[in-house]
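After this come two complexes, each holding chain A, first together with chain B and then together with chain C.
Moving on to the complex of A and B:
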């Protein structure tokens, strides 16, 4: 039967048929491929939307989005050490350097040079590390303050990430008054989005002001990372996030993504907010899971007002995969599909990408390019964005 | 078997696992290695938006696109498992389509075919005719063994008992002939081998067991009335099983899944050839694989060298900025070696850096070409380990001159291509008058026909034809604002370049050098901010001999410095986005230029 050949090309036939015939006609011809039989066992896409409550608004203050100041130095250091798969604790960057050079660092040796100074004398610790590390002027950090307004008007404060350089982060905390908020224990929790140097290694700066703050980390943290939490002077017990969705407050949830990340880091946690009468707001550190997966997961697993994606803030990595059909503006297209009403992007998004969003007419909240943020297309250091 | 690169490393065993995501992570972890991607012929992947976990991917060996979709997950006493539907969407012109169903053909001939393929998980009824089999994942409950199975019919066949005719009564499908009949198992095997290689790599161990099982299956058919019928001829369902893990665990998992004993890796003779010779037995240890001469091509760590040529003002700087961002977002560095005519490295400034070696914000290293090219490249490699080196030849240079020198650089860099940007607005005139422009087109492997928005369709078509006549082998892409994703031009897979351009060009005798074409350049500087109107008036006064003018100036009443671009009578001012700390300047390039208007402007602003 498989030898049946005839002169009429199927492609030509359906091209003609597409104008003359409709699918229903095919079905009446008894075509398997138009028979309901063919599809009877298909799975149905199901959304299992978890209700995590509602809040009135969330305001994000960008404490710092400039994770480092010279990309060539950063990438150069990584490649010199052996590339994107090398363990970050061996890179010999401050504050965990041992002075032995590229790729020869070790967590134990690095921390031993400053451990007794953490977290009370960060100036001295950083000075010591400046002498031991590669490109000591390069570190900055990523961190933001989240002020979540409940339906009754009360405001709860949270920190996402704690940056990298002790020097830089301490000055950023002071600039935004985070130091005092921490001292007054006004900030309810610190979430570490992932274990990377620029989001996590500045932990002692938070510890200096509040060493008992509830601390949430992904269960993909490695043993060095968990040890660093102790060595930074943390007096509490970190919450190891091991569920896909963890509700933090009404209308606020922590989402966990299990994804391998460069330089031996595993997993990212991001935040989702349900703003009353507006919709869903997504806040991320780096979005290593990719914004598509982030949005997708929220779409499938969360219940939110108006079934509408309302806002997004943070670093917007497009996808951990190279596309088989890359487009000039694929991130623009991908983001556009979700119809966000407010976009605040920075950090790892890319200046040209941010500019493309602006040019595409997306509702990008532009910044002021102060405090070493490089572009007004970024929601820069010291800038704020309010959702709701 | 080490699960730490696909599951949280310190997570206690026994916690729930998203099994489809486990497979996705395995691919993701393996694709971190460029060597892996080259070895298996990886061509990229895209996750489908909305709903169920699903993704599409492409491999070198097949022109179409694979789709994988999580259909079910389960948990029993023995294992956590998932069933993942496997789809194959042929390329629109793939002959395979003639052997696929009419529904598949109808779908593939629609203009939105590729767009729907990318989102196939949201319209499963539409995608159903492309389903070719299933992949199953089983993780032993104690997480000491993992199995991947691929299941597909040897041939996917369905009979149209009453046939299909055209309106004029000719048979498209004769009665009793198959509506579809294609080698589903072969297509499945191609992707199964890649998945297997990825699992080996991400678990850092090779499979411990393999088995193939075959089961007879009826060939289905349908009558005109939609009645299902069966034929006595039988088909075969083939299931391939690979198991990773410690020997005992792997054996236990295999015996749970299979009716017969699985083969151990040393029983190569009993395996089908495609399995026995597959890379999946080796990809757990890329270092060892790299020392095998057969696979040396995949372990080429030299940076790619792109020679970027094109006349001044054709859009090289715009294009370069995209290349920079593309690689920066992948944590890679692009080094740019500039060799611009004119006293100031204008493009360097626009790319936020200039002179010798300057590092800039977005992951680029720029340097101006001084002296020995190979020494310069060696220094760049030592200091920055760039993924790509762009040799940006001056708009006035003959790329054939550079190609001769490039031959000496092979040990340092992989010569990728000559990319030439062509300005659609003035290309015809340039090609009439400049041999260098002509050679830039002739030498190109990739031609970007830029500024297509500024010409009519007819002009564009006639220019395209002229470029094609001058250079029959180059890939020509039409762009506006040089907007193109570099990934569509440069493939990381060296095998993909069937015409490795640089080597295949026979270098003609260079008949011209810059001076012979009488191009000169002159630089003007301004101490005081310029009046915008005065500047524009001056630009309008420039004679047609001024071919190109670029620079950065401060304007009265503007906080930010302005970038001035002028090509053949058209000018454009755009914000630099910040103050310019250096002295304002303009560089004019052309033939026999009368530059008195600019001289006058300089005079009044010093």
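Moving on to the complex of A and C:
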């Protein structure tokens, strides 16, 4: 009888223990997880500040920020092809269209129509592609010239991105004298921020003037992108960026971010500059990683003067299609705490974002709205900004 | 008690057609093949219809889930007769019931949300109205789909909750369709209230300027959640959805079914599910902070609080997949111990399997779903393929009686009585042994929790899921 009671008691104990184990786990989850005590236990960020030198100033010339001219056409084409996850090489946009319609493009078929013309006869190549592509009048491109002044006063020139439309980019290069700088090999390197059409597909325009320029691309480039570099007439060996931080010059570093991006693109590289006595300047193509992620990465990994964020230039990829999401308001609300003194935004930042930045009292540098840039709310085509 | 006095799902017993693991293997193979074929046809960004834009596909898979729940759980398959359900071949039943659900879904989305609500109530439910105000067609459709989808997220918690936790009360004795219509209307009404206090502000700040005259902007949760995004609510609501099904399947309604008083049991179950879900929600958020570091407000993707809240819901859905699989295709294994022990083992097992599914998904999905690798992508929602897969589980088990691995047979009277024991259980009684075990179990549970949160930073630093 006594043994039987013990057995029953043991069974009950196990039942209670099993119930308690699950209940105790959930109770702890609820009471502790999102509490101030839980967060007080988290380790503080360890800064591992890499010294990448100092420069005196950086001047940015906006060659083109108008990646496309009609938002409805661009997003309409993406919509028709199946949305924001569709492979960009199938969208059937120039210069890689095959004439088969929305979502039915292929890199191989597209490039085969113009390969023999690259990079020496871009006018003819673009004319051919105009007949095969959707909305051939829409492409523009993103590109900027960076003039980095060293502490001894020497100036080194770099190009960030090479735009999209051969026609448009060639005219922009000529407008800003980039064609001659490339011919004279004054520009030391071309950085492609990411593989998207509007930053990369205009590569033959740069190749037309300098087909041996050192070229840096993210290691997330797809095989089509790497092939396009060859097909564009590039005669060098591209530098595949596979390190988080690559120093380019004193006070200038290339930062790599592994982020998935719309229309099957992966990864973005952006630039950071340490301006003497001023602080850190962040320059981006589209900033798909997010400007504050960019800043936070720099805060953790780079050493810069005054330990201060000084300036921003480039696309901030907030509302590129003038779309919106409440999380963008989180940025508008939070950006002020980071203390940037000069915000030179444009391109995929979106006009609405610039407007909200201005309303929030942020130091957004206004533009002149020339050369088809649509608004004075931010730096437009042909505008310049100097940090330092 | 006879079979006609209980719902169809309660009245039947699924019996394996073959012994051993063959039925589960056959069904798994067919389900995965059907999943991939339908994914390619409807959702895949490389496929035929490409609904994964993403919000259109997201809206569709969520509303399909609701319609399946309504048809099987709330309407008890009305207007289909019990005799038709008993006699018709599972393939025909599956096709007919799925198509009826799809038709009802289209009528609801297009008829109610877009045409009625969008034309006479709230403009953002109607893409045409948004376009007329200058928004591009693509985003007009996406915004409307997002709003309709968010409504479904709430309904996917409240609708089954009313059946599972509240036991259809107080309308459990009504016949069909009166009971179904009543519960749908009541849960729809409740969903609408919850929508207004959780999601409407999110939608209102999508537009410039913030629609302050019609919604609370910035929303009241901003300080607590560190974001103005409604993803904070998606997090706990999705956890509620998952916990309802944990409670109904692998927990066999334990422990709230020990409460004998009907009203108290139902109220406790309903709010107990919410409490457990909120606990899970907070843990999953904190777990991400432990692995990836604390969030940075205003940034995007992995480090953004809004995405972390969304990912809480996504992680919870990863738990639902092995939970339903264990219940549907593994006979709710294990069943040989006492109910509390079975429940404990299943909980730990499915949680571990959820981690496995999570890792496999993020390691491989970009290879076959037409998506990209990476945890956080502004246009990717792992909930879409997971819910799509769950929908196929439901079609197979609810509409097709588990065909081809299983077949439905009528339960005997004794088996029907057993089911009643799940609703009000008496297999666990308060004793000294239980009390002692419970106390020690609670301490062990707390220790397990603290062991997990101690291990998570190490996991974050040493294990790479996506290279």
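The working rule: the second predicted complex is superposed on the first by the 333 of 388 C-alpha atoms of A that agree within 3 Å, B and C clash if a C-alpha of one lies under 4 Å from a C-alpha of the other, contacts with A are read in each partner's own complex, and residues count from 1 in each chain.
By definition in this document, a residue touches a chain if its C-beta (ideal position, glycine included) is under 8 Å from a C-beta of that chain, and two chains touch if they have at least 3 such contacts.
It should be emphasised that the depicted structure is a prediction, and the values quoted were computed from it without experimental measurement.
Trainee: Of the two partner chains, chain B (first) and chain C (second), which one does A:321 touch, if any: first, second, both, or neither?
Mentor: both
Trainee: Quick check on the superposed pair: does A:375 touch chain B, chain C, both, or neither? Answer first, second, both or neither.
Mentor: A:375 sits against chain B, while chain C stays out of touch.
Trainee: Applying the document's definition of touch, where does A:292 land relative to chain B and chain C: first, second, both, or neither?
Mentor: Touch status of A:292: both partners.
Trainee: Going by the contact rule set out at the top, does A:348 touch chain B (first), chain C (second), both, or neither?
Mentor: In the superposition, A:348 contacts chain B only.
Trainee: Is A:152 contacted by the first partner chain B, the second partner chain C, both or neither?
Mentor: neither
Trainee: Tell me which partner A:266 touches in the superposition: chain B (first), chain C (second), both or neither.
Mentor: both
Trainee: Just to be sure I read the superposition right, which of the two partners does A:78 touch: chain B = first, chain C = second, or both, or neither?
Mentor: A:78: touches chain B and chain C.
Trainee: Could you tell me which stretches of chain A are touched by chain B in one complex and by chain C in the other?
Mentor: The overlap between the chain B and chain C interfaces on chain A comprises residues 8-11, 13-18, 20, 23, 26-34, 38-39, 42-43, 45, 71-72, 75-76, 78-79, 84-85, 258-260, 262, 266, 290, 292-293, 296, 321-327, 329-330, 334, 352.
Trainee: Using the touch definition from the top, list the residues of chain A that touch chain C in their complex.
Mentor: For this pair, the touching residues of chain A are 8-34, 38-39, 42-43, 45, 71-72, 75-76, 78-79, 81-87, 90, 103, 258-262, 264, 266, 288-293, 296, 321-327, 329-335, 352, 355-356.
Trainee: Help me check something: in the complex, which residues belonging to chain B touch chain A?
Mentor: Residues of chain B touching chain A: 4-11, 15, 18, 21, 25, 28-29, 31-33, 43-47, 49-52, 56-58, 65, 69, 71-72, 85, 97-98, 100-106, 108-110, 114, 118, 121-122, 124-125, 128-129, 155, 157-162, 164, 166-167, 170-174, 176-181, 220-228, 233, 321-322, 325, 328-329, 331-333, 359-365, 383-385, 483-485, 487-488, 577-578.
Trainee: Which of the residues in chain C end up touching chain A in this complex?
Mentor: Contact set of chain C toward chain A: 45-46, 50, 52-54, 56, 136-139, 141-142, 202, 205-208, 218, 227-231, 254-255, 275-276, 278-280, 282-283, 285-287, 289-290, 293-294, 296-307, 338-341, 343-345, 347, 370-374, 376-380, 428, 431-446, 448-450, 453, 457.
Trainee: Any idea which chain A residues touch chain B in the complex?
Mentor: 1-2, 4, 6, 8-11, 13-18, 20, 23, 26-39, 42-43, 45, 47, 70-73, 75-76, 78-80, 84-85, 218-223, 226, 242, 244, 258-260, 262, 266-267, 290, 292-293, 295-296, 299-300, 317-330, 334, 337, 348, 350-353, 369, 374-376
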